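Read the structure below first, then the notes.
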Amino acid sequence: MEAGGPVLVTRVNEEQALAVRAVHRGVEYHPVPRAMSWVDEKHTLAPAVRGTVAVVSAGTADIPVAEECCLTLELMGHPFERVFDVGVAGVHRLFDRLEGIRESSVVVAVAGMDGVLPSLLGGMVDVPVVAVPSSAGYGANFQGVAPLLTMLNSCSTGVAVVNIDNGFGAGAMAAMINRAL
Amino acid sequence: MEAGGPVLVTRVNEEQALAVRAVHRGVEYHPVPRAMSWVDEKHTLAPAVRGTVAVVSAGTADIPVAEECCLTLELMGHPFERVFDVGVAGVHRLFDRLEGIRESSVVVAVAGMDGVLPSLLGGMVDVPVVAVPSSAGYGANFQGVAPLLTMLNSCSTGVAVVNIDNGFGAGAMAAMINRAL
Amino acid sequence: MEAGGPVLVTRVNEEQALAVRAVHRGVEYHPVPRAMSWVDEKHTLAPAVRGTVAVVSAGTADIPVAEECCLTLELMGHPFERVFDVGVAGVHRLFDRLEGIRESSVVVAVAGMDGVLPSLLGGMVDVPVVAVPSSAGYGANFQGVAPLLTMLNSCSTGVAVVNIDNGFGAGAMAAMINRAL
Amino acid sequence: MEAGGPVLVTRVNEEQALAVRAVHRGVEYHPVPRAMSWVDEKHTLAPAVRGTVAVVSAGTADIPVAEECCLTLELMGHPFERVFDVGVAGVHRLFDRLEGIRESSVVVAVAGMDGVLPSLLGGMVDVPVVAVPSSAGYGANFQGVAPLLTMLNSCSTGVAVVNIDNGFGAGAMAAMINRAL
Amino acid sequence: MEAGGPVLVTRVNEEQALAVRAVHRGVEYHPVPRAMSWVDEKHTLAPAVRGTVAVVSAGTADIPVAEECCLTLELMGHPFERVFDVGVAGVHRLFDRLEGIRESSVVVAVAGMDGVLPSLLGGMVDVPVVAVPSSAGYGANFQGVAPLLTMLNSCSTGVAVVNIDNGFGAGAMAAMINRAL
Amino acid sequence: MEAGGPVLVTRVNEEQALAVRAVHRGVEYHPVPRAMSWVDEKHTLAPAVRGTVAVVSAGTADIPVAEECCLTLELMGHPFERVFDVGVAGVHRLFDRLEGIRESSVVVAVAGMDGVLPSLLGGMVDVPVVAVPSSAGYGANFQGVAPLLTMLNSCSTGVAVVNIDNGFGAGAMAAMINRAL
Amino acid sequence: MEAGGPVLVTRVNEEQALAVRAVHRGVEYHPVPRAMSWVDEKHTLAPAVRGTVAVVSAGTADIPVAEECCLTLELMGHPFERVFDVGVAGVHRLFDRLEGIRESSVVVAVAGMDGVLPSLLGGMVDVPVVAVPSSAGYGANFQGVAPLLTMLNSCSTGVAVVNIDNGFGAGAMAAMINRAL
Amino acid sequence: MEAGGPVLVTRVNEEQALAVRAVHRGVEYHPVPRAMSWVDEKHTLAPAVRGTVAVVSAGTADIPVAEECCLTLELMGHPFERVFDVGVAGVHRLFDRLEGIRESSVVVAVAGMDGVLPSLLGGMVDVPVVAVPSSAGYGANFQGVAPLLTMLNSCSTGVAVVNIDNGFGAGAMAAMINRAL
């Protein structure tokens, strides 16, 4: 905060957030991504960007991770568009939104369970795809290991992967790619 | 052979096959699936079937496993159709063949690397999908563990899985499903 | 619900179910499989079927998974028969029920711990076996990995596997196999 | 050898055995278990025993491990009986031999692939079962890990396990159990 | 209970035990091994035995598992002796008790963390050792996998292993070995 | 080739390359990355780019993977600069080259063994880092799993990961990032 | 206590500590490392030492483990210096403290997430480094397995590793190294 | 070589060594540890040391790793003593050599299979123990993972671990500890 921020703290529960807000009134709590943010309005971030980041997610259970990514992009001053709940089990929903995704400059794709979405997107769009495995699943999902492996073994080109549930890391990577040099 | 067959031996190399053929002339060797078969023509298999089995595979490296499945179906007297090299990296090739796949009574789907194909098929066809992970891949593929997990975690319904590289098991399961009761 | 259903939601606890029922009165909660279902009576499901599905389970701890399978079959309109608590530790109980199992058109076999049941059934019946590892066990069971591996390595033919504890997936696969084309 | 033996060396190939025999003429090589043995006839082993050890194996691929066990028992002076190729895929063969197995004082059960045999035996005999996973298998067998886990999670009582392919260890444990105190 | 018992139920918490005792007054709860037992005094078990079972454990954290083994032996009518807290970190305590252990007919050795105790015992006693890994430990212990692997790889002969924390299984195996045929 | 290329085939040995060259004379073999390439001079690739790609590698054993990345970039028409053998064991060599790396538009960082290099770079440069674990190492390296995990858990922001030894994938991702939109 | 101590008990929560202090008043509870200590002032420890131990940690989440190490050193009578929060994400903070670290006789380095710190230190200091992986992290961190592997594969010489979160073990090893013989 | 050495190259086979010696005559090849060394006599290493390093190994299969450690110590100018083949299966051999080990200033302990030796030594000596798991073993040894875990979970204090088969790393760590500051 002394450096002017912005500040983002992830993996915070409501009780912890309330304790911090008792001290720092300007801090905002975001219950879906379970994150806390603080922005100093005097330090408006307005980086030169290449375009819009498409934040695509497969199922409703992946939304907290996707929202952590969105919050990161917002704090870093990058425009983004949510394309949620377009996983492969109802693949027509993805096809309906494909044109919009193709106009973005970089795609973040969040998926749990079988983690198929980034592979499919990688084969259909022509911009970098940052893949985020989510821990949504059970049994042989192993808390996100299954989609992590699916994404690391993607047959499509232009796909790279961050840690399980790491919406922040995906947002930061996407922002770095999206920056106009 | 004493029981009239048919006989199928998998994971046989050419040298082993030659040694057997020196003793049993009627045995045939199939170099792609690396299998040996023997059929007694007097015992013609003609089971009542429900339809055709679609044997779908993702990449050229998956063909030996897919051919082991085809050979199994052939020996068990079930009609089948090959739909090879239609993986998700060039997903339009799959869409071109989709109509034919939908007319089958059961689908066998072989895929290595990210193992995405059965999930995608499961979302687009309305018959049982027997998924076979192949060991084609490297690194975090772990000799087929990555596609095995992808398939076990499939978001699509109507998908069940056999062991890595088990083309025979997939063929036998498909035949059992395809039998008219 | 707008589409007429039926609707099945799994992995629901009682508190969650009560919250939903406060809004949607017609929803039913099933405490054993921990699932919620909704059927619109106007949309009676009556698919043409091939026969009865035998839902076989090894121990009492596997019953929630087996019941999730039964509920799935019921909602999809398929007749089924419960054959519970016939695991290999008291193998004579399985032998007592074998005749009934053999008359079914497809078998679902649920087992935890060593996961031996589907292998044994696969060697004794002549219809497809959908194997479901349950997470019942401890220590080197690894929450169902042990029976999952047992089932994937089954020496018997006509066995395919779904995810650990995936009673729904097994029911859906069995229904798809059991449908008269 | 100086201590009078007997000596057993396992995991020896033919070339190594020939090199040893060039120096020690009395050494015998056993190609199936790939082991080398040496017995000093002056030191005849004749321990007091409780009965016969049944060495049971599931498939033909398990025979080298089973034979390593038999050789160990022979050198230690314990009577044993081979019951080979009675795995669960053709379970009637096991039932045909069951009476003989029940008359033994201890059972060694060797199985690869799904490793189901010791669980089944444990439920049907009333003496200790020493289970040996073999590395016969492929894919999700993981060189014997699958049957190892099956055996460690056995629902039957009176089963304990040795290392994968450890025919020697199983024989030594069986001999120790079989010794009349 | 209808069959006359004895009955042993493991992994029971106090609340569950109280609920059962409200119905079956004769049931006894054992808080250390967290087990419930019931014995019908009319059915006194008095099997012919070979000797005493030594139940040896490494640390105080292993005592619940060791006591589950003791309770099993007691219910099955076998004499046993506790030799607790003699792990390798204070190896002199083991040496002090060694003579007593050597006089037993079979040893059960429970150890968590590095699981070294059964290997050491196997090298110093001349009777069968049933090794039980306990889940006591943290980090790279992986809930008992570390001592499980130590025990499976024991360099000493006459050691066989049961599942992690399976005090019951070890007791049942020891009893079976200890029975006079 | 019919489509005009360029064509890149990875994981090719010399013998295979010679066989292809006997048929297609224009194909070139690259022994260090063990890859085969073919370019049609009429189809000169000259994409608009953002800058130079820095291909950084830790040890000499990582050079084949780094060279596979360089070859990919060359075929796709992107300028790149090699910064090899600057791993953390001799960290001053990295510091000597840091200025040049900072002027690139995207960094590819290849490292085996402990895989520390991308984390360190991520903390010192301000452009996206594509991390490639190599399988160079032994023991608890597990053929590249150790550096893969190091990279996925990087504390630095702006790091995303591709499969073990996947120099091609890293090059393609870097090219996609480096393209001027 | 009877032997005069000092006594250190780790992994104790506050409630447990209070229960002990009700009986033994002299026992002290340390909430950060969650440990309990007791020292008999009559038994002052004053070992001859070689120098100061530098206890270095990467992030704030690693402090409990680092403090367990400090407490161990204190009880064993070794001088130490805390160098906390100097992980690789803000590597300049490490460089600021480097001179002090170089003057120590042995370094303990605690790090979670990617576990990069000990490798980096190993390349920059000339005394033994005892590396402690902490379980701070998520996803593909696997509760400290990722930094454990990073440390075991360190390219730097003079690094050895203790168990995940084992601050006590690292302190004891450092003390043993630091003792003047 | 330009810097005056000494030079040590590990994991070299004879053919590679011959190729190097054709160019650099002074290079020496050591077939047991499979290493190549070069020393410039003008640069005699004579570090001030604290004492002798005891290099202890469990089985004959561990000798190559132990010898790699000895060679490292020799090149770095530290006195050492070999104590080989004293594993826990014949534990009296260890007791015979214990006095000598206790007089050393630091112990390196190499063990494969169950990896029990360093734990046992840690409980009996009063100097730092550097533990080296070797990959000698089979089955559930997993190429040295079993002894690695045993050593990381050692109940004894004063034990730290290096990578599997890393005789060089153990020697370098021991030398660093043994240096007189």
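Letters are used for the chains, namely A, B, C, D, E, F, G and H, taken in the order the chains are written, and counting of residues starts over at 1 for each.
Everything below uses one rule, namely that a contact is a pair of C-beta atoms (placed from the backbone, for glycine too) under 8 Å apart; a residue touches a chain by one contact, two chains touch by 3 or more.
Small disclaimer: the values here were computed from a predicted structure and weren't measured.
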Selected pair, out of A-G, D-E or A-B, that shares over half of its residue contact pairs with C-E: A-G
Proportion of interface numbers common to chain B and chain D (over half same, under half different): different
Distance from the mean Cα position of chain F to that of chain C, given in whole angstrom: 48
Length of the line joining the C-alpha centres of chain C and chain D, rounded to whole Å: 38
Separation of mean Cα positions, chain H and chain B [Å, integer]: 51
Mean-CA-position distance for chain H and chain C (Å): 55
Sequence positions of chain F contacting 2 or more other chains: 139-141, 145, 148, 152-153, 157, 163
Pairwise chain contacts, counting only pairs that touch as defined: A-B, A-C, A-F, A-G, B-C, B-D, B-F, C-D, C-E, D-E, D-H, E-G, E-H, F-G, F-H, G-H
Sites on chain B touched by chain D in the complex: 11, 133, 135, 143-145, 148, 163-166
Residue ranges of chain H in contact with chain E within the complex: 58-59, 87-91, 113-116, 119-120, 122-124, 137, 139-142, 145-147, 149-157
Partner chain C, residues of chain B touching it in the complex: 50-51, 105, 126-128, 130, 148, 152-153, 157-163, 168-170, 172-173, 176-177, 181
Interface residues, chain F side, partner chain H - complex: 138-141
